[in-house]
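One chain, chain A, links the two complexes that follow: it is found with chain B in the first and with chain C in the second.
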Partner chain A sequence: MILQSIQLKNFRQYYGDQELTFAQGDKNITIIFGVNGQGKTGIFRALMFALYGSTHIQQDNTEETVHLVNLRRLEENNGSLVTGFVKVTFSHKNKKYEISRQLKAVKNNSKIQERFDRVELFITDENGNYSPTPINDPQEVKRIMSSVLNEDIKDFFLFDAEKIDTLAKTNSQVKKEVKSAILRLLQIDNVDKAQEILKRLYTKENSNIVSNSKNIDISTKNNEIYAEKIKRESNIELKDQIEENLRNCKMQIEKYNLQLSQNAEIKLIQDKLHEQENQFITLEGRISDKKREVYRIILQKSPFLLLKSSFVNVSNYLDQILSQQENIVPIEVIDKSLSTKVCACCNNNLNQHLDNLNYIESLKNNYKRSLMGSFTSSIKNMIIDQSNSYEENDKFINLLLKDFRELNKAKDLILTQMEQTKIEIGNKAKSQIDMSKIESMIQQSKYDSDQMHLQIAKLKVEIDNSEEKIGLLEKTLEKMMTENENLKYDAKVLEILGSLKDDLKGISEVFSTEMRESLKESTTEIFKTLIDSKDRNLVKNIEINNKFELEIIGWDNTEITQDISQGQRQIVALSFITALAKVAAGGANTISFPLFMDTPFGRISGKNRDHLIENIPGLTSQWILLLTDTELTTNEERSFKSTNRLGKWYRLNQQELYHTIIEEVSLSDTIATRGM
Partner chain B sequence: MDFLSEQALLYTSKEYEQIYIHFNDKYKIKFHDLFLFFASVGAKNGKSLPFEGRGREMRTNYFNRDQRDLAYTIILNDEMTGKNIDRFTDKDFFSQARKLLEQYAQGGLNIIIEEVFGSRWNGIKLDDKYEDYEIDMLSYVYGSLNEVPF
Partner chain C sequence: MEINRNLEARLDELNPRNRDLLKFLLTEIENGSYQNYIEEKIRTEVRELVAEEIKL
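Now for the complex of A and B:
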């Protein structure tokens, strides 16, 4: 299938007539670039509507109405009919198809009524024969479209990349849908159907024979077989159920382990917080020491520093007082001289030298002044000491204040860091539950898982036993029938049917196994091409099990389907889709369907984007991308241009609300608006 | 002469008593140490404030030798009342000298309230939650020691 062009008229944001043609051949990349809300998904909707008549796409809530006719035109034509129209032209297996669908809508006041009008399909065959009358029957159109690209598998090729990772998910309903779609694409479903028909025929024939035989032994034997088969089916069903539970249990264990590892991350952050708290405590201690030092200085030093200017004044005053004092003699000396009547200084007999006695007595009278000597000296000494240490103390205060400011700054910084760390913990801890609770749940789940393994093993033995028993019983029954002359012909018919059934089963198994092997090899190979080289060895194989489920096997042979990132999972899904199309096309190098992707790079990292851009054009016949500004930065633009595969380049330009114009851009122009 | 070495009493004002209590309760700062700091601030700025109503009391003999000498310096530097060493033996003068110290302490504390505590003093008590009064007081001291005269 090669998409040629799409025409839109009054469809979604596209007011009036708009058209774009898709790139093909060597230059097979088409990029439709538009910021959010300008109509990228409108193009995707138009394609789905034209090809399949879909009014809703995967991302829509199917219970809500999606208006497809342009709202601006409806507003302008208030009360009158407006036609919305989409025509897609494509080719497939040398035939050319033109499919168009039309709808009519009317707006009365604020209510919009919309209804499907008609579908038209024109086909030009391999020889250029053109049918002038279109096919209008929706059922016929549907049948033809299914033969081109079955609606069930269209989502593999025409998709919103946000949804595609469902392929690698383990939900059983999704698995069933994916499996049936894959079987259909690979055309294995017909073999399965044939098997089913033969099985029913065999059972019917068998019961006919038994009822016709009127032989109690045969009837009993048949009942035994029937009972054993019931038992076997019931065991198979039970085994399937337990296997499903086991898978869920394993997923649960992985989930718990993830929670534990998140706890481990929290533990690391808590350690960081603990270290910050210790730093904070140390700083608080140092600040507290500094404060004690500050108080010491305030109380013991600063009063002396503050009074420096008074010291000069007081010191001068005291010097003046002291200079008026002469021959100051200590009171003890005076008292001793007067009591012994001998001068304690010169040994003069005071009884004989009355002048001296009078002088000493006058000294005694003035003793008050002699006390002043020691008093003023003390003050003077204090003044001298404090004046000498003034500069030193002044500098010390400066340093102390500086130290304090720095410590305070460091404290504020660590406080901010602690706050940030706490926020970090808070964010991480939001989804946390008690660790010990998780541990015990893991233990319980592991125990349950072991029990389930035992049950499955036991059921397998029982199923094998049943198989064996059924085989023996059937042989006995067959013998009984062949020995019964009346049943010989019917038994022969049954034998042939049985043999045909077994042959088909064998064919189906071989075909399915071969297909799976091819798919597995191809998916792994493509994945290794698409993934960033640093992650290439992360995945050893992508297995496809007998239920056609994807299993991603890591480098150490463990299953890592649930462990890889969403971006990586999308690449797995892309690889699988590409491989699927290749296998379906009988191993052609490029897939014969276009890959149409709406916003595909959202979850994919830069290097992986580059790999996809480099390699997908070589794997598919057409690659059509609806890209937003964050997906198509100057980096991606450079990568696209360097592939030399870019064929068409469009920009969605919103003129006003509900009026977007599709503008073709020259391939040499720059379109990206980000990352300049 | 060294009359402060005797067991005489000094008083803070009732008005500012809570400030002394705040520092004593929170940081075990002794009243007489704080009193002398405030008296120095008052003396440096020549601000003595008479007050009525006595608050905390403290004994003068709690001062050490250097503190007493500093207190005498404050007294001797006061031209009006204290600058007469002959009166240092006069018992009548002792109470006047103590009053002088008390008024300088009151004046000094008034300056600290205005220039350091600011709104953290609500007229009754200091804001308990604030933790850096000592840093602010030391910054004030450093600022007044290094004032650039103009």
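Now for the complex of A and C:
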């Protein structure tokens, strides 16, 4: 499918007639650039509306009405009918298609009524034959469009940002979509349908022959086949039921394991609490030691610190005493002078010089005080010593007190942390049940699961045996019929139907495995091309398991589907889409469908964007991008231009509300408005 | 749409009669034909083939 052009008239933001053509061939990139709200998604909607009649796209709430006819035109024509129209031309397998859909709408005051009007499809065949009458039966158009690009898988090629985001998720809905896309695009579902048709046809033919034969042996053999078939069907039903139970059981085990891992989390938090408690005990010990040291030092040093001001006075007083004692005469001299009544110093007769006698007697009296001299000196020395170390002691005590305060602070912090940890444990524990109970439930579920595996294996053997028995019985029946002249013709018919059935069964098994393998290889290969080189080794393989689900296997063979980033998962989604189309096209180098993407780069890193820009044009026949200003900065513009694959370049220019014009931009011009 | 190339390659390994019948069946399914119609067409085709074979 190659998209050629799209024409819009009064559709969404596009007032009046607008048209754009899509790039193809060597230069296969078309960029439609517009800031948010200017009508990029309007073009995507127009495409989906024209091709499939879709009024809603992935990002819409389907319960709400989306008005498709241009609101400005409706406002101008209040009360009158306005026509909205989209025409898309495309080619597919040498045929040219022109599909258009029309809507009618009317606005009465604030109420808008909109209805689908008509669809027209013109096809020009490979020889240029053109039908002048359009196909306008919606069912027939739907059938033809499905044969070009099936509606079930269209979202894998024509998608909005929401879709790529969705595809990057791993929930059951996405798994289902991926599976149905694989089955559909690779036609595995057709093989299944064909098998059903042949089985039904065979059974019908067989019943007819048997009832017409009126032969007891044939009837008996047929009844035998019928009984075996009933047995087989009931075993299949039972196996399906057990498989369903097994899936539930596995989910239950996962749930229990999750609870256990949450318990493991509690264990980790408890360890944290123990550690905090140990820290608390150590801190308490250190605080106690520090306290003792503080007491000791304070008792030792603080009196002197407290007496600092008194020391000055005491020191002065002691100085005074000492200075008074500087002139003191030795006691021997005093005693001699008093006993001889002659001054030993000046030889004055003391009997004659009573003043001198009184003075010497006063010296004698002072003699007691002179005994305190050494004591006074020692006090004085102590005061000097303490005064000299005062600063040092003050500093030391302050330091001790600071340490003490900090240790107490650390203790308070640990206490708060311990309280928080206890709350954390409480919260986690609230949702928990007894751990040993969970362990025993896991054991029970594992036992059940093993039993179910055994039952399934046993049933598979029984089903295979039944299949074989039915096959043999059918062959015997066919032989009996062939030997019966009257049934020769019918038996031959049955034989052919039987061989068709067998051939298809054989093909189905091989084909399905083969397709999964090809898809796996192709997805991995494309992923490795598209992903940034630094992440290339992060993923070893992208597997498609036997349930057709995507599984991302890391470099160490562990499944990392849930562990990679959203951006990386988007690259996986893109790789898968491209691989799917390539495998569907029988391994062609480029996919035969356009990749139409509305704002796809949102979550993709700069380097990955560059890789996509460099490689996608070589993987697909057409790449049509609706890009906003944050996705198309000067960096991306440079990358696009350097591919030399850029074919068409449009800018959406909003003139006024609900009036956007599509402007074609010269490829040599600059369009990006950011990153200058 | 055409039959998937890989599937077609597998069909080509069958005997020509079964190959053609299965290709026809799968093409009709791919083109969205009704199942009853397909069933009837296959029955008719097979019957015609057998009739011819018996004549021969």
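Rule of thumb we're sticking to: the second predicted complex is superposed on the first by the 355 of 676 C-alpha atoms of A that agree within 3 Å, B and C clash if a C-alpha of one lies under 4 Å from a C-alpha of the other, contacts with A are read in each partner's own complex, and residues count from 1 in each chain.
We adopt the following convention: a residue touches a chain if its C-beta (ideal position, glycine included) is under 8 Å from a C-beta of that chain, and two chains touch if they have at least 3 such contacts.
Quick caveat, the model's predicted, so the values are computed rather than measured.
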Partner chain in contact with A:L318 - chain B first, chain C second, else both or neither: first
Partner chain in contact with A:P303 - chain B first, chain C second, else both or neither: first
First, second, both or neither for A:S146, with chain B first and chain C second: second
Contacts of A:Y489 with chain B and chain C, given as first, second, both or neither: second
Partner chain(s) touched by A:N398 [first = chain B, second = chain C, both, neither]: first
Chain B versus chain C as contact partner of A:E514, first or second or both or neither: second
Partner chain(s) touched by A:V329 [first = chain B, second = chain C, both, neither]: neither
Shared chain A contacts, counted only where both chain B and chain C touch the same residue: none
Chain B residues touching chain A - in the complex, by the definition given at the top: 1-2, 27, 29, 33-34, 36-37, 39-41, 43-44, 65-67, 69-70, 72-74, 76-77, 83, 85, 88-89, 134-135, 137-139, 141-142, 144-146
Interface residues, chain A side, partner chain C - complex: 93, 143, 146-148, 150, 186-187, 190-191, 193-194, 197-198, 200-201, 205, 488-489, 492-493, 496-497, 499-500, 503-504, 507, 510-511, 514-515, 518, 583-587
Residue ranges of chain A in contact with chain B within the complex: 291, 294-295, 297-300, 302-311, 313-314, 317-318, 321, 368, 371-372, 375-376, 378-379, 382-383, 385-386, 394, 397-398, 400-401, 404
Touch list for chain C against partner chain A, complex: 1-7, 10-11, 14, 17-18, 21-22, 25-26, 29-32, 35, 38-39, 42-43, 46-47, 49-51, 53-54
